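The structure appears below as structure tokens.
Going by the order they are written in, the chains are A, B, C, D, E and F; count residues from 1 in each one.
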Amino acid sequence: MTTSDRERQVLNRIERTRRRRPKVREERITLAHGAGGKATQTLVEAVFLEAFRNPVLEQLDDSAVLEIGPSRLALTTDSFVVTPLFFPGGDIGHLAINGTVNDLAVSGARPLYLTAGFIIEEGFPVADLIRIATSMREAADAADVHVVTGDTKVVQRGKGDGCYVTTAGVGVIEHDRRLGPSEVRPGDAVIVSGPIGDHGITIMLARGDLGIESDLVSDTASLHELAAALLDAAPGVRMMRDATRGGVATVLNEVARAAEVAVVVEEDAIPVRPEVRGAAELLGIDPLYVACEGRFVAVVDGAESDRAVEALRRHPLGARAAVIGRVGEAPAGLVLLKTAFGGTRICDVLVGDPLPRIC
Amino acid sequence: MTTSDRERQVLNRIERTRRRRPKVREERITLAHGAGGKATQTLVEAVFLEAFRNPVLEQLDDSAVLEIGPSRLALTTDSFVVTPLFFPGGDIGHLAINGTVNDLAVSGARPLYLTAGFIIEEGFPVADLIRIATSMREAADAADVHVVTGDTKVVQRGKGDGCYVTTAGVGVIEHDRRLGPSEVRPGDAVIVSGPIGDHGITIMLARGDLGIESDLVSDTASLHELAAALLDAAPGVRMMRDATRGGVATVLNEVARAAEVAVVVEEDAIPVRPEVRGAAELLGIDPLYVACEGRFVAVVDGAESDRAVEALRRHPLGARAAVIGRVGEAPAGLVLLKTAFGGTRICDVLVGDPLPRIC
Amino acid sequence: MRFVDEYRDAGQARALAAEIAALCEPGREYKFMEVCGGHTHTIYKHGIEDYLPESITLVHGPGCPVCVIPMGRVDDAIHIARQPGVLMTSFGDMMRVPGSGGNFFDANAEGTNIRMVYSPLDALKIAREQPDLQVVFMAIGFETTAPSTAMTVLRAAREGIDNFAVFCNHVTILPAIKAILDSPDLRLDGFLGPGHVSTVIGCAPYEFISGHYGKPLVVAGFEPLDVLQSIYLLMRQLKDGRSEVENQYTRVVPWQGNPTALRVIGEVMELRPYFEWRGLGFISHSALRLRAAYADFDAELRYELPDVRVADPKACQCGEVLKGVLKPWECKVFGTACTPETPIGTCMVSPEGACAAYYNFGRFTRQRVNAT
Amino acid sequence: MRFVDEYRDAGQARALAAEIAALCEPGREYKFMEVCGGHTHTIYKHGIEDYLPESITLVHGPGCPVCVIPMGRVDDAIHIARQPGVLMTSFGDMMRVPGSGGNFFDANAEGTNIRMVYSPLDALKIAREQPDLQVVFMAIGFETTAPSTAMTVLRAAREGIDNFAVFCNHVTILPAIKAILDSPDLRLDGFLGPGHVSTVIGCAPYEFISGHYGKPLVVAGFEPLDVLQSIYLLMRQLKDGRSEVENQYTRVVPWQGNPTALRVIGEVMELRPYFEWRGLGFISHSALRLRAAYADFDAELRYELPDVRVADPKACQCGEVLKGVLKPWECKVFGTACTPETPIGTCMVSPEGACAAYYNFGRFTRQRVNAT
Amino acid sequence: MCLGIPGEVVEILTDRQDLAKVDVCGVRRAINIGLLADEDVRPGDWVLIHVGFALSKIDEEEAQAALDFLEGLGKAYQDEMDALRDSRID
Amino acid sequence: MCLGIPGEVVEILTDRQDLAKVDVCGVRRAINIGLLADEDVRPGDWVLIHVGFALSKIDEEEAQAALDFLEGLGKAYQDEMDALRDSRID
């Protein structure tokens, strides 16, 4: 057996290991379990999927797609625990609306109605709560959705962090296309709707403890129009997913695994603002793993990629949309990055995330 | 002007004051804002209703009732922050499912799908999380609903209290009756589905700091079958509402105000377990204001009250259902209690609640 | 519930009501003061007034220990709670009593740690279990409650628990009654005596009321039949032209009180020269403080208190209500600016406060009951 | 990004690759060790190996300061963090390094307060702003990082900040290289010298390598063209039969290093007689500690440390990987039991660790790239 | 505040003679009986509970006497009412 | 860990002579320049940043020289490739 045979054997063994049923080894929850990377994925699959298992949940998509009577509905939820609550470009209220609207939108649904649950810490300024509620209204108006029911809890000082918001949303799916990472096939094109990482870096800098100044603002926005535009323009849309916790890299890995394809991304093609890159270099992190709250990754039929990007670019939120890669056959289940330098490397799911509490 | 004329004038002025648009006077959130009484109501109306105002939300019902395509759907959410997380008769997992199922059920909907958002504190034992998820599954199975999507966040130690759960739920309304407190009219009968206050008192005692021992267990249960049975048996059901934070008294006040009627309750007729009464007497609280998590208040056409109670009693969860009062015309907007002693008193909404963090 | 439910029988109430009515002299108005807030609560909670003829008026007295705490003392308590490491504890009733800058909940919202306890012993237990905390118990109450505080201090001393202190606000009932009897603007025909205070002090101390002031007093229990029967006994005395101290509540109150409790109070506490009562002003020898021997447990000595006298809000007429001069609804802000949600005065806070009891339970009932 | 993007040009890389290929003698195998983990990271992150002929192998060296921290030191750090009032700080890289009972995140989950900082000065800032905390900075790193720690200690001393201490784990690069050169089981043809260490120590100290051991060394920058060019320079030396210390990274590294930095290190720190390196065992004079003059800031003196030597897990072959004897994938647990998610060894933790870099970036690429 | 609740002593705690387990409608709490030191409190006795202390022992004879009085009054009243009604029916 | 990032000095802080505001791709941070005490750091200079400290001043001439070398190499290679291609076309 040659060295490279042996290496290949080892690598195959690793791939088998990677696909094994996840197991939570820790006895206690750590921040990594909430950071959106591998630990989160493991926790969700080993605890929640295991407990609640049903065919809809198994998709682990942005939204659950439900058939209720004659209607196809999308249902989703997210809890928001961002710190700081107010940051350049938005606040937890914008996130709470846009995040849920986006999970509906990228599922191909027209977002309609939202619920809002507030967990407020004793001592939280009422003026801040009003500010959050006002932002939510603004964002809801912009997304043309309505907050139709809610709930309020107050926890003792020291049992919360100002205000947590959980929204759930319902949308209606008015077409009969199937969307989802498992619809992706070789030859498809991978698109991002705009420059990546603005939100995560903005939050990190907004905490103030890094002493880094910038003019960055969060990209939080509601993507329902952009998603609808893409669906209109490209019949061959395979999937869309908002690149939140875990960033674009995590979405791409989900695609590669669900569709058993290779996703090959051109580093050069990925839109990243210079400031995002600068902050990321200073901190030693990779923008591909940094959260956005107003960008999605879409995979479309390779033949439709130009049309798709043009449609996105016609909308202000998609002005810098770009094809960033292609889908191939092998190595199945992996994301490869062609570096600007001309090399190729793997782009795996992140284990821990340097950015907790970003949404 | 006689003394009693003057008194009457004052009282009328007070009623006008009571109906004024609520205003949050505090600068900071206190525990009272989460206790389900007047302060919660004020906060919800002054901040959230004010910000999100729309005709569905304005109902402030257990669920929002939505027309989506040809379907009538109910949508609801609740956040659960109970302490302790595990208590006699259940845990936060049971509450999180049953609470949302019940909000759907009492809206006349058949509960179908739930979402679950977890906000977990760093350091929380994974075994406890699994226990909570397992309870949720149990409760979901019992209620014949599915948890189809969810979200997980982790907050730093000291920014949470173990685990908070927010569920949202969707149900379908398969009849065309209108239910709601404003449907109530004089002559109707007021029913509770079982003995009141078990949950709230159980939680309070489970905290251990009162040193009171009892064999009480929480009444947490899913009421979908009971609600369906009532709808079947009594075409004249006006409204149902689960008597959670704020207890039966708070529900009755909502009815009195929404329908502009007087609700007159017979103290003797209210089912209360002796242990609940004993603990309440020791602590100086009134079971009418203590939360249940598996009881509802229903108002039905007076002529159907016997049939309604019989139908409820056929179900184990309704074995001690009882008519506890009647709806009258005046004094509109008030709840009166005929005491066992033969006197009459007002039964208003509670300002503060001695029981924070019960659900 | 034994010793409770038996005293809530509507049939017997009707019988008593008939007897009382029979004792009324036509054209005469009767005014009785229930000294104790517990009675005020019972009267409204059970609707006792429904059984009384129009000619009998119940006047609410000063006997609600929460209601008589002046704003300055609330401020002092919050000041103590703001000291580093302090856990302030008190009974639930205190949590909503307004100080000049908000109540305990507001203070907690701004960072203090003020918790309700069921018993002063529970506060001591926290101190024992959490030696890093400085646990202060804000003691309030009349003679009913003072023995519990005293016992707790004795236990703390015996166990040498040095992270425990008491912020003592115990008041005594007799000077307050005397102040009312001395006030020129009130005419009363008799008193319902405070039943639970009397378990401690007994019945004899009230004899100056029946003797010197010539007003009958009946020590009354807290169930509705107790109250009705006590009114019946008062009416009998008036009918007979007697002025005596009678004990309706014999099942609980021994004539001589509880000597152990009195001894314990005396061991741990002494009378203050004077104390401010909300709405009533300064009353001599009307409150208790810890004796020098227990100075180590005295929060007033341990913490430097601002001890600023805060004037009651201008609109507040609690003094008149506490003296029985005004009915709650006669206060200009009752039910509008002053509600249980936004209390201006203390009487709107405690469930035993006359304004709260009337607002929460009593308003509207008399004239509207028959409408439904 | 200036001084970065210029060194990532694919065209120039192809040219360099052609030159390198041209320098290869047919049939000869070349093995170069990149001493520094930063280089390992660059190599995999940019796919530099794609430009190298099969006959050139890059061997990953011991220059990842996170990778060389032994388990016992992690345990010591957690022990310090468990002391009441302590806030432990360190660089993000340390958070996931396993001790014998878990890593810093696990410790936090059980109650410690260990936070990442960007700079030791940030730890000092926290100490300044929160005098109630005892802020400890766990210092790790080679000569690149030691001056920053030293400057921070000097500032703490100047400001008299007494709630600040340093848990010093600084190591020095030369003894580690020497240990490798002395190890019998490794044949190397040359070294890529650590670029950022050299900004401090300069280039001269490496001359024993080219002289005594006869191995060429090129101080290399961290952009991919820097690395390729340095390999080219090494190949040239071999071709020319030279063995010298060369400096590829002249834009950043002065030949003489940074005298101020060296002076500051020397003022605050001194060599330890010996120090344990993970996988490499004890190496003499290979690490720094605070001098006696700064004992007040020395966490090792302030806190009683268990200082227990913990054996590396049996399966762990980090030592062999750090010495370049094994390729990461040759470790028996690589990618199965030992993954970035569940690291057994330190090399799987730091992004500069050879195993992590190979797992995260490198695996599969060489043989699969052309498949897609 | 002056809330006092009757409860039945079910047990004197062996390790703490000043504590008794008291039952109120089926819930139980340890209550300090130090203020009744002179009264020989035993299981079966009823006491008045206030903020965790027993303030007095309930005198069952006195309670019965009071009830007898009230019942007598109630019965007399009822008889009178019945008589009144009978007389009306006639 | 040995991560070093080039940044441009945009300002020496007037109140703290050992601190400089440094710009990296449009984001700015105060960086300690105490280790470059002998170097006379000024706005417009580029420095290598490591854990909040400037470790060395970047020598722009050296950088240019290196780039010139690389570009020369690249150009030669490109010419050769072009020649190769041309020769093939022929």
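The rule is short, and it goes like this: a contact is a pair of C-beta atoms (placed from the backbone, for glycine too) under 8 Å apart; a residue touches a chain by one contact, two chains touch by 3 or more.
If you're wondering where the values come from, they're calculated on a predicted model, not measured in any experiment.
Visitor: Along touching chains only, what is the step distance from subunit E to subunit F?
Guide: The fewest touching-chain steps linking subunit E to subunit F number 3.
Visitor: Could you tell me which chains are in contact with subunit A and with subunit E alike?
Guide: Where subunit A and subunit E share a partner, that partner set is B, C.
Visitor: Please identify each chain that touches subunit A as well as subunit D.
Guide: Intersection of subunit A and subunit D contact lists gives B, F.
Visitor: Taking all residue numbers at the subunit A/subunit B interface, are over half used by both copies (same) or under half (different)?
Guide: Mostly same residues: over half of the interface numbers shared.
Visitor: Measuring between Cα centroids, which chain is at the maximum distance from subunit D?
Guide: E
Visitor: Once every inter-chain C-beta contact is counted, which two chains account for the most?
Guide: A-B
Visitor: Can you check how far apart subunit C and subunit F are, centre to centre, with Cα atoms defining each centre and the answer in Å?
Guide: Measuring from centre to centre gives 79 Å for this pair.
Visitor: Calculate how many whole Å lie between the centre of subunit A and the centre of subunit C, each centre taken as the average of the chain's C-alpha atoms.
Guide: Taking the average C-alpha coordinate of subunit A and of subunit C, the gap between them is 60 Å.
Visitor: Taking the mean of the C-alpha atoms as each chain's centre, how many Å separate subunit D from subunit F?
Guide: Centre-to-centre distance between subunit D and subunit F: 22 Å.
Visitor: Would you mind pulling out the distance in Å between where the CA atoms of subunit B average out and where those of subunit E do?
Guide: Inter-chain centre distance comes to 34 Å.
Visitor: For subunit D, give me the residues that contact two or more of the other chains.
Guide: Those would be 1, 4, 9, 14, 108-110, 118, 122, 225.
Visitor: For subunit F, give me the residues that contact two or more of the other chains.
Guide: Residues 3, 24-25 of subunit F touch two or more partner chains.
Visitor: Give me the residue numbers in subunit A that touch at least two other chains, ranges are fine.
Guide: Subunit A, residues with two or more chain partners: 26, 28-32, 122-123, 210-211, 274, 277-278, 281-282, 284.
Visitor: I'd like to see which chains touch which, written out pair by pair.
Guide: Touching chain pairs, listed by label, are A-B, A-C, A-D, A-F, B-C, B-D, B-E, C-E, D-F.
Visitor: Given the complex with subunit D, which residues does subunit A contribute to the contact?
Guide: Residue list for subunit A touching subunit D: 4, 6-8, 10-11, 13-14, 17, 25-26, 28-32, 38-39, 42, 209-211, 262, 264, 274, 277-278, 281-284, 328-331, 334, 336, 339-348, 351-352, 354.
Visitor: Spell out the part of subunit A that touches subunit B in their complex, as residue ranges.
Guide: Within the complex, subunit A contacts subunit B at residues 24, 26-35, 40, 43-44, 47-48, 50-52, 54, 56-57, 61, 63-64, 66, 68-71, 73, 75-81, 112-113, 115-127, 129-130, 133-134, 136-137, 140, 146-156, 158-161, 164, 166, 168, 170, 172, 356-357.
Visitor: Which stretch or stretches of subunit C touch subunit E in the complex?
Guide: For this pair, the touching residues of subunit C are 1-4, 6-7, 9, 11-12, 14-16, 18-19, 36-38, 63-66, 91, 93, 118-122, 140-142, 144-145, 147-148, 151, 194-197, 199-200, 222, 225, 229, 248, 250-254, 258-261, 264, 350, 352.
Visitor: Write out the stretch or stretches of subunit A touching subunit F in their complex.
Guide: Per the touch definition, subunit A meets subunit F at residues 205, 210-216, 274-275, 277-279, 281-282, 284.
Visitor: Which residues of subunit F touch subunit D in the complex?
Guide: 1-4, 6, 8, 24-25, 32, 34-38, 46, 48, 50-53, 55-56, 58-60, 62-63, 65-67, 69-71, 73-74, 76-78
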